[in-house]
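Structures are listed in the sections that come next.
After this come two complexes, each holding subunit A, first together with subunit B and then together with subunit C.
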Partner chain A sequence: MRSIVLLSGGIDPLSGRPAPPQGEIAAIGLARSIGGAAEGLHAGGPSPALRLAAAHGLARVDCLDGGGNAVEALATYLATYLGADPPDLVLAGRQARGGEDSGMLPYLLAERLGWPLLAGVIAVGAAADGWLSVMIGLPQGARQEARVRLPCILVAHDAAPAPPFIFDRARRAELRVVPVAGPAPVAAEGAAEGDDRPYRARPRLIGASARTGAGQVLDHPDIAEAATVLRDHLRALGVLGPSRGASPDA
Partner chain B sequence: MRWLVLAEMACAGAAVALVWMVLLARWLKGRPVGRSWLAGLVLVPRRYLVDVHHVVARRPRNARMHALAAGGLLGGSLALLLGVLPGMPPVPGFIIRIVAIVFFVPGAWGALIDRARRRPHTPSQLSGGAFVWLPVALLAWCVGNVVVALSVSDTGLHAAGLAGLALALAGGVALLVAVGRGPMRHGLAGIAWLTGHTRPGRFARAGLLRPFDTALWPLDLVHERLGVLTPRDFTRPELASFDACIQCGRCEEACPAFAAGQRLNPKALIQGLSGAMRERPAPYAGSPAPHAPAMPGGGGMDAEIVGQVLAPDTLWACTTCRACVEECPMLIEHVDAVIALRRGQTLMKGAVPAGAEQVLRASREQAEPGGRALDARTDGIAALDVPVLAPGEETDILLWLGEGAYDLRYGRSLRALVTLMRKAGLRFATLGADEVDCGDVARRLGDEATFQALARDAIGVLGTRRFGRIVTADPHAFHVLKNEYPALGGTWVVEHHTTLLDELVRDGRLVLAQRDGPAVAYHDPCYLGRYNGVIDAPRRLLDAACRTRVEVERHGMRSMCCGGGGGSPASDVDAVTRIPDLRMEQVRQSGASIVAVACPGCTAMLEGVTGERPEVKDVAELVLEAVVP
Partner chain C sequence: MTGRIRRDPRAERSRCLVPGGERPRLARDGNVAGMVVSRRPREATVRRIETPAFWVAAVVEAVDGGLDRWGRQLVGAARMLAGTDGGVVLIGLGDVAGNAAGEAGADRVLTVGGTDDPEAVPGVLMDLLGPFAPRHVLFAESRVGGDFARRVAARSGWPIQPGVEALNVRQGIRPCRGGRYERVAAVARVVTLPCDRVAPYAGEAREGRMLEAGPPPASPSARPVGGVVLGPVARAPAGAVPLSEAPFVVSAGQGVTDFETFHALARALGATEGASRVVCDAGLMPRAAQVGASGTVLDARCYLAFGIAGAPQHLQGLGKVEHVVAVNTDLHAAIIARAGLSIVADAQAVMPALLALLREEGA
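Showing the complex of A and B:
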């Protein structure tokens, strides 16, 4: 399986020094966990952060020169330059650092390519019949299995296992400048456009529940019974989503 | 008879030469060093008689034992060989054989002293195994040859002479086994190691009995293999140095990590490396690294050392305090071996402990091992309005703040230092937010790439300012700036703050009044004392500031580490007890109620000791208390 990891010219927000963001390191980790060839891809010139990212497990990073805005450049590269041998997977971090940093790029690229996208991926399983099984990381350590059709874009969870930094790889990594047809890169216009909406007051669930005064006191309950009561109460408050099919405790 | 003895001696000599060839062939598989072996060989007698003796003689009984056993063995054998040479006239031959006896008898005495060291039990720092029967072999060789020397004549064979010859032969064969695979190897390897020693700067020279050569040498980052992964990656003299270890266990007694029950025993480490060169190493009969998992050992010149011979924790437990190096009578460089192995693990494999990985990443990305903002470094002394030196500006003293400046506790020490410098009317400034980390932690953790990047930054920043000298309160920064930056192109006058304060007191620019108070003990920071020999200045200051000063048993050049060096706190290796707890107990034993420190690392480690304990104060704080306004 061939994977491509999208890399940004990461800048450390505190020091301003080159530093790949955690999410991109995690994406490299996912790409390596699948096995097969993994390469880096960056829309822009070779920056020192790319070499630091490659230290986590990439032998080569292609740096795109030209091609319009980042999404167009990446899409053109994937369609034209990899046309004969297209990647099965494109992986990205949650948010770039040192560019526009909107976190929108993978979504815009998925829209442009017409590929499915899954975010918050914490582990990748096996591929079968053109489908890939992945594990999504949810808040508070919850995990959810999912399947996605290949080829697809996966956005790595920041907490996905990060491969170690190896200086030997950094110094051997090849940063290749690839000219891409199209206008010179301009500041991506409209990439992070959104609608201005007036402030909307949202219901405060915890405050609201405290005011209701309703509740149920259980004295030394059975564990299963207590769990059921708690779950139903949280569902009633809308904190937990409705039951989805057969759950292990049902 | 004469011919038999001649054959015995010739065979022994030839066998020793053969064994030496085998050993040499193995060491020559290491990396070459660009130095002449011949020039080194000329220096061996002096290095042996001055530098090795300087260490051995710290334990007079051992020195006596060694002089008797080694001198008796070599002198006696040589004299006996001369005495039976064909063509030797009878009378001088007789005299020479008497000389041989005069050597062999003390040799036997030395063997008996050696035997007595392991009676009734082998002490824990000494090795058993081959070491137990070695004195017996030595005794057999000496006694047998005394009988032979007495009974050599030109008239046929004697029963007594033959018995002596048989005894000597048995002892000789055992000694030869010990030369090839056992303890006696240290003699041959020691000569090779003293010839090609990797730190020629540490040997005595005119006017300097103990020069310091403690800086790590820079690694050329374009080498195909960085650091050491297999025995072949060590330099040739280093390979000889591992074979030169005589397992005396002095390093083990001095090692703070061993004392705290971490998985490091410097003696077992060196023996492991010696065994790593061989497919089937001789069994090791000393105490192992505490709680270390059993390793297969051996593996040969091309097998990975970590995992095969050493547990990874063994590598990361070292605090790089050099206590083992200070104690080693064979002048082995344990810390260099540890750093070389760490470089291999860090640069080639990225296999570092989780805590150390964070520290290295922060050093790389934030130029600060703690990941803190560089402009927050001066927060601790913000109220004192110390000027910041901009590029192109000039001052007398540049105050290098170091990593300790972020620590609230150490901020007190720095404020005391700044206040004292103000009182003395000095003109000084800091680099403000332009001061990056000096790279000490990264370098000790084996990340030479990050160290060199930080050093380039720091040298660049320092190069744009003009100043008379650099003063720092951090011995680690002091060592790096003073000794390790010159190899990378940055040479300045660098002083530790105790040296500066000592100078101010001696010049009368600071006047101290001795204060009555509880007894004060000074804890020597490794990177100030053992690495740089600054042990008198802080003591002079304390004597001027405090009425009662006591010494901890381990002090000066043989002081014990606080546990804070070498990135050890970041690596966080499992231990039975904490190193600073052990050190604080030693301070308590000295009867001191205040322990004077001169290093942010020591301050943090010793202040971390819980329960009732002596108070921890920086030398600058004690001097400030005693200064006459």
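Showing the complex of A and C:
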């Protein structure tokens, strides 16, 4: 199976130095777990972050030159340049880091190609009869099985297992510039709207997080009584099953 | 009996005084008569708006038949964007009660079930939103909300502002370029909001009228779906939940020496195990279990700490935890000040007692 990982020219939010976002490393991990060929794809010029991303397990990254906006360039590349050998799977991170950072690109590409898209993929299983079984990561460790028709676009969960960084791979990775025919690049709609200024951290709403401080204090209670109070308190909070104490999955 | 209301001169006089009754109230507009007018007991009023100038929609996931904090904040943001002329329509994913939605600031409520197929979501939502032609559509920047918002924006071509951290009628501000810059722009058609960024609505209750969704029209936005088949949701066994996602964490500190009992108790409680730095340094618990600044920052609902004093670095890991329960011998430990329930006792004695209690119940 052939998979393509969409890469952004990411930066580290703290230092501003080139670094691939966690979600894209997770996407590379998913691509490698399927087996088969995995390549990187980036709409834009070669950036050092691409080499660092390739160190997690990509032999080659194609950098698209031209082709209008990113979605059009990627769609043109997938349709024409890979027309004879199209990918089965396109993987992306949840959000790029360093540009618009809207997380819209996989959705726009899916809409443009008419492919199904699934977000929050934490593991990929086997493909059979043109369908791929995947595992979706839900909050608090819950998992959901899903099947998706190939070819498809998968957005990796940030917590999907990340393959290790191997320096030698970064050195050997081939960044290939691919000219893509198309209209002159135009800014995506809404991208130019508004003005940028240095980020200012805004505090979250005061008192919104339920922070209970200095509640009930039992000073040297009877141990049996303390255990009962603890159990009843946990039960009132709803973290302990109501009828039976021991949870069956323990 | 005439229908005339009897005057109550004493009440009228008291209304002309400040609440303590010590001095007369200052009537800046000279409307003393307005104070004197006898008032009937005021009924809880509900603001109704029949034909608003425009609509603002909020797409909210229902939690246990109501709205959670995030949902109320979304409706509050929609109410703020609607102002006095606009109306707020709440699109509930799941059942939302009308009066709860009205108190949160919604004028109309539409509920939609069966959004299991993510491929069908943009079609369903755009059919629902179509008659309202909303000026803005608000989503939560959650796993589901963020996904739905992006699908709707991609299908409709509406501009989207994801992850807005500051919102008012004129502009929305969101981080961009790796979080090192923020983009200030007019509020887009589709907006997603992270939690705790906009205050919930606190004004007079709105109508919250339940609407019936009409029959789905054959819209051009409909597309053949069926590319995705979702299976059942499997809740993780407590031991397998990553510490950063676990809803219930039981944690051991220096006050715990009997780790056999601790592990047994964690299993009996169905909780994920955590530990303080000292315990991890000593090799008594794996490093992955460390809670705090140099370990894992929790997102748990409940945190049960045995023998942990609560160093500042440890408490940093509990920033988002709603309920902290502490068992510690030191009454003046920092964790006692953070905890909702504190038991000043030896953790080594409390753990077996609690375990025995749970086993007795389970048997």
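Worth pointing out:
One rule holds for everything that comes next: the second predicted complex is superposed on the first by the 189 of 250 C-alpha atoms of A that agree within 3 Å, B and C clash if a C-alpha of one lies under 4 Å from a C-alpha of the other, contacts with A are read in each partner's own complex, and residues count from 1 in each chain.
The rule is short, and it goes like this: contacts are C-beta pairs under 8 Å (C-beta built on N, C-alpha and C of every residue); 3 or more make two chains touch, one makes a residue touch a chain.
Since the model is a prediction, treat every value here as computed from it, not as a measurement.
Shared-chain residue A:17: touches subunit B; no touch with subunit C. Once the two complexes are laid over each other on the shared chain, residue contacts for A:171 go to subunit B alone; subunit C is not touched.
Legend: residue contacts after superposition of the two complexes on their common chain; A:149 is shown touching subunit C, with no touch to subunit B. Once chain A of one complex is fitted onto chain A of the other, the partner contacts of A:227 are limited to subunit C, with no touch recorded for subunit B. When both complexes are overlaid on chain A, the residue A:52 reaches subunit B alone and has no touch with subunit C. Within the superposed three-chain model, A:100 lies in touch with subunit C and out of touch with subunit B [touch as defined at top]. Between subunit B and subunit C, more residues of subunit A are touched by C. Where the contact sets of subunit A with subunit B and with subunit C meet, they give residues 12. Residues of subunit C that touch subunit A in their complex: 69, 73, 118-119, 143, 146-147, 150-151, 153-155, 157, 159-160, 162, 165-166, 171, 175-186, 188, 195-199, 223, 226-242, 244-248, 267-271, 299, 301-302, 304, 319-320, 322-325, 327, 331, 336-345, 349-350, 353-354, 356-362.
Partner subunit C is touched in their complex by these residues of subunit A: 10-13, 16, 97-104, 107-108, 110-111, 114-120, 131, 136, 138-149, 152, 159, 189-190, 193-200, 202, 204-205, 208-221, 223-224, 226-231, 233-234, 237-241, 244-247, 249-250. If you check the complex, the residues on subunit B that touch subunit A are 221-222, 226, 346-352, 357, 360-361, 364-368, 371, 373-374, 447, 449. On the side of subunit A, the complex with subunit B involves touching residues 12, 14-15, 17-19, 52, 55, 163-168, 170-171.
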